[in-house]
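Here the structure is laid out as structure tokens; the discussion comes afterwards.
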């Protein structure tokens, strides 16, 4: 199995917000399973990509969802001309050949998916392929990383204690204003003053969460808006299209966000 | 893979209602994922067709529904004489060969369908085919466009924040009266005065939404009625058959709509 | 594909109740999708059969139900000696070869079934076979007709606005007394006076709907009763067996219907 | 297809309780679809067997249940050495080759099962095999008979009006005391006085229905008890084992039934 | 088909608690379907084994559950090198070749499973294999026995009247104290005085049912405790491990049971 | 079948907290089925591994979940070049060849999974493979061990009495403070004073359960924290990352745990 497609070929842009790089390195040194907690679009996926690149390890990313089965992770028998043949799933590939396996939004997964990772996350570090009758011992380079957003997970969708207690955790939030402006300026290719103005709008939107907005404007949306402004679109149009129009369908919230935009430009 | 069947062979009739054509072109220039928000029958699908024709790109349209699986988008193994063989789904075809992929009524889709598009809608622009062990990098021409009607989506069916924040948004509404009359006159082949009378009926029906009508009469229905009148059917019969009879089963609303028709002709 | 089995070989008996034949012909002339609304057993299916015979078009009828899948309409891959092979479903057959396709009780169908018909019911008139990667352009003779009973559909089972607005509508009800008696006399082979008495019983039963009867006695049941009477069974026995016994399990309603019968003969 | 296994080889014992034999014969003469309504164990199944024997027609009986699919009735493609091949289901066999098809407890069936019978129960008398693309015209001998117990069907499980109105109905109840005693004496091989005593117990139990017993003791249970008494088991033991112990788990009802037994012997 | 594996090779130990052996023999003489009612662990399964041994008949036991399908009982087509081939299920094997078939905890089964047994439990004694188009007439030795625990079945899980009325019933309870002590002494290999003390604890636990314990300590648990005591483990430790620790998770009940243990030794 | 992969190759570290080793040995001597009850991360899995090593038996561990089917335990037919062939599942492997089979978190399993083990857990000690028509008599070395956490199982997920009463039980809790410190010092490679401080934090967190924390910090988390401290990470950072951040998303609990950490170092 060639893991080359899973190796990052260029350094992903990542702007640290604390000493999370050192903490990850400590966890990886002992191959501690890691959970990344934080809101949508704050950079969790990018951070894992950056760490995989920094550590020189291949990265296999899986977006969890409620229709994903254990077999989608572990593998299954498929029928070909010689009968049924076993195909490793992406988790098995990571375990067997030594990749970092990143399960994004793990709380969305069904229970059989989360139970599958239990023997990988204690001192055994094994993945039993029950259907195949094989026990795969994890490659020394293998590490499991999962993420979720603690802000809007429902009660029916939260990690079971028996899963939680198998992980060390890193907590993420949106970067501080100065850092976020650096990121937006760099990624959108705009000047820092404009980036700072966009960040200021985002901060105002995040305060609307107390008044009923599901979630504030994320760093990713600021970058989209910055790109459109750099491209010549008027700032208000750019911000409406990339930031306020997508974020909510609520007319009151739309009005509140519109007022923020108008006072900003 | 030949995308010819997905290329529009004639310019679709489209009457702009604002500067949405320019906004789309800006978004396409950066391949920003785009969500079109607006009521039923206001022209979202026609707009995407027009833009695909204008940009000279093939268009793959998929009507989302709650029984659609991720495999219906991404592809699956099918059994043929030589065993199982992979068949790309329509989304994979668009990603691999460079089409605009339009997911109509995306809120109807199951979560596994929406999660599939996440890595396509951030800086990665990749589509992992987990079951095949392949990561498809998006063709430079590929763009993802989705639509939904914010007016009557239920709480259980709305876009997750982690999906929303990946899109720029264009908001649609029914065209202004003058523009709508132009459209109806052109598409139904009737004179503008008659078209204006039909539009006026539609406006009255849309005001009934405050009194319990699910949704007002759409532009498409006006065109149906116009075609029947041009064909010689009496105007009231035409409007009843094409506009008021289909739109509701509620006897009170039927009576209110009947009164509008009678005062109109 | 030979559509001969779907051609009607004899003129179906149909007694018009208004100018519905002309309205249908206008709709067919423009291939407008048509929805027939009306109570059980009032003649919607017979009307479509009559129109198909009158227009000389083959008719493919499908009774919708909540277990019907999109694949049941559109087609699927089946395995045979040479591997999997595509089999057109009945809707695809109608679209490709030019039949009228009639979806009876369309509100019973699952959403994926109704979404399938969307691109067939706007200006595109296409049926995308997503699993096969083919877009079937509708044959010029193809028309889509659907029906439902607005009287007892539940809230969870009603047509979505985005579906409704794609159809012109014809509203049906039981025929007027004189016409209904003509139909019963003709179909059951009884004299008109007896038929009128049966129709009178039906009218009385339909008034019971205000007192809790789900639905009144239909024309079809009158014909059954007439056939049994013609055959020598006493009128009260015939009416009980064909009309009042099947229509309800409620003891109070049974008693009320029994009283109507006794006073009638 | 050889229907011999579905032909009754001996006359089933049946004791008429009214003129139901003549009514059935009238209905069969016109092949009217028939619904038999009545409580558990009152003889509906036996009656259909008797009529099939009397009319000299094969009988295909299917016990409906909520896990039965339309394919279980109609047929399906099965894979054999030459690929997939169509296998007629039992309903299709009856329709094609001319049997009486009896769907026992039809209200237990899922909707797709009941919808399948619609085109068989109006003037069309056809069974469309949508998956096979064949329309089977019913054999002249084919008749559809269904049954249900109106006493304890729940609201979620009742026949839809659009199904009900396709049937003529025969109503059954437990036989009158004299007739029931004849049946029990004949079937259990006991003298008529003992049979009358058993019938008397059944009557008392059926009155308990007003006090909460789900259903009274059926004719079938009386026969079981009679057989055990004839075999030498004490009457109270026989009645407890065959009649009162199986019928309820409720301690109060058990006590009430025990008291009835003790006073009877 | 060789039923040898289903024949009991040694006499199972069974201690009668009444004249249930004679009652069973009477029922078997007429092949009456039999339902055994009684609490968990009171010896229903052992009784059926004993009767099968005594009557010299093979016994096929099936533990019912809500995921068991009709096909699990009746059989199905399986694919082998020559295509699909029918495999009899365990019920079909019993019916065809003459075994006693015992469905343990029948109320756990889905409806399609219970409906399957209807034609086996009236005078027809047939098993229709709908999918195979075969009607299997029951072997003369075949008898159907089912069991359930009336104490804790929920309302959603109880036998339908149409099923109940097809069975004769035997009611079981825990054996009387003297008999239960004999059984425990015999099976655990301990002296009768110790057995009596264990039985006394069980009786006290069964009285706790009125105070919220789901079910009392069963005979089987007494035997486990006896075996551990005979093996040298202290009586309190043995009773806690085999009797009180497994039976409940409720802290109050655990304390009450602990007090009973301490006062007993 | 070679069970070598299921044999433990090194003695697992296990620190007894009472005489549970002797109790297990008594149970194993009689092959009594055993249930281990206790909170998450208190060492149940490790204990079974230790006992398997001590007794020299292979161990097959299965993490139960609600999507696990009986076939996942027992086995199924798989298609290969010669047609379908039976593959023993992991439970069948253990039963046939003599392993200890450990079902972790058995309350998560579906009912069909738990019913499967019934005939293995009474005097029969057999595993019927219904689909294969085989009855596997348990190997003399086979023992069944299951576990669950009585603390947070919901009412819908608890062991049925008919299952409970088949097991002897061992109750586990977190080790006493002294023992737990020994374990943490040994496993994390830290000095005993530091281990004692970590244990003290855990004790404080477990008291928070009365104030709403789902579960206290487990021994496993203390070991993770100890490893990070040994590695040079500051104690507060280590404890936050390995102990308090993963355990809860509740801001109040996070604050309470933060205060505990700050006062500890």
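Note that the chains are named A, B, C, D, E and F in the order they appear, and that numbering of residues resets to 1 at the start of each chain.
By definition in this document, a contact is a pair of C-beta atoms (placed from the backbone, for glycine too) under 8 Å apart; a residue touches a chain by one contact, two chains touch by 3 or more.
Labels paired with UniProt names: A, B, C, D, E, F = AAA family ATPase.
Only a predicted model underlies this, so the values are computations on that prediction, with no experimental measurement involved.
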* Asked: Listed by label, which chains are in contact with chain B (AAA family ATPase) and with chain F (AAA family ATPase)?
  -> A
* Just give me the whole-number Å value for how far the CA centre of chain D (AAA family ATPase) lies from that of chain F (AAA family ATPase). => 52
* What whole-number Å value describes the gap between the mean CA coordinates of chain B (AAA family ATPase) and chain C (AAA family ATPase)? -> 30
* Structure fact -> Between the Cα centroids of chain C (AAA family ATPase) and chain F (AAA family ATPase) the separation in whole angstrom comes to 60
* Structure fact -> By the touch definition above, chain D (AAA family ATPase) meets two or more other chains at residues 79, 82
* Topology of the chain contact graph, where touching chains are joined (line, ring, star, complete, other) -> ring
* Structure fact -> Output ring sequence (origin chain E (AAA family ATPase), second chain F (AAA family ATPase)) reads E, F, A, B, C, D
* Sites on chain F (AAA family ATPase) touched by chain E (AAA family ATPase) in the complex -> 23, 26-27, 29-30, 32, 35, 37, 69-70, 77, 79, 82-84, 110-112, 115-116, 118-119, 122-123, 128, 130-131, 133-135, 150, 153, 158, 161-162, 164-171
* **Residue ranges of chain C (AAA family ATPase) touching chain D (AAA family ATPase) (in the complex, touch as defined)** => 5-6, 40-41, 45-46, 61-68, 72, 78-82, 87-90, 93, 104-105, 108, 149, 152, 214-215, 217-218, 220-221, 224, 227-228, 231-233, 237, 241-242, 245-247, 249
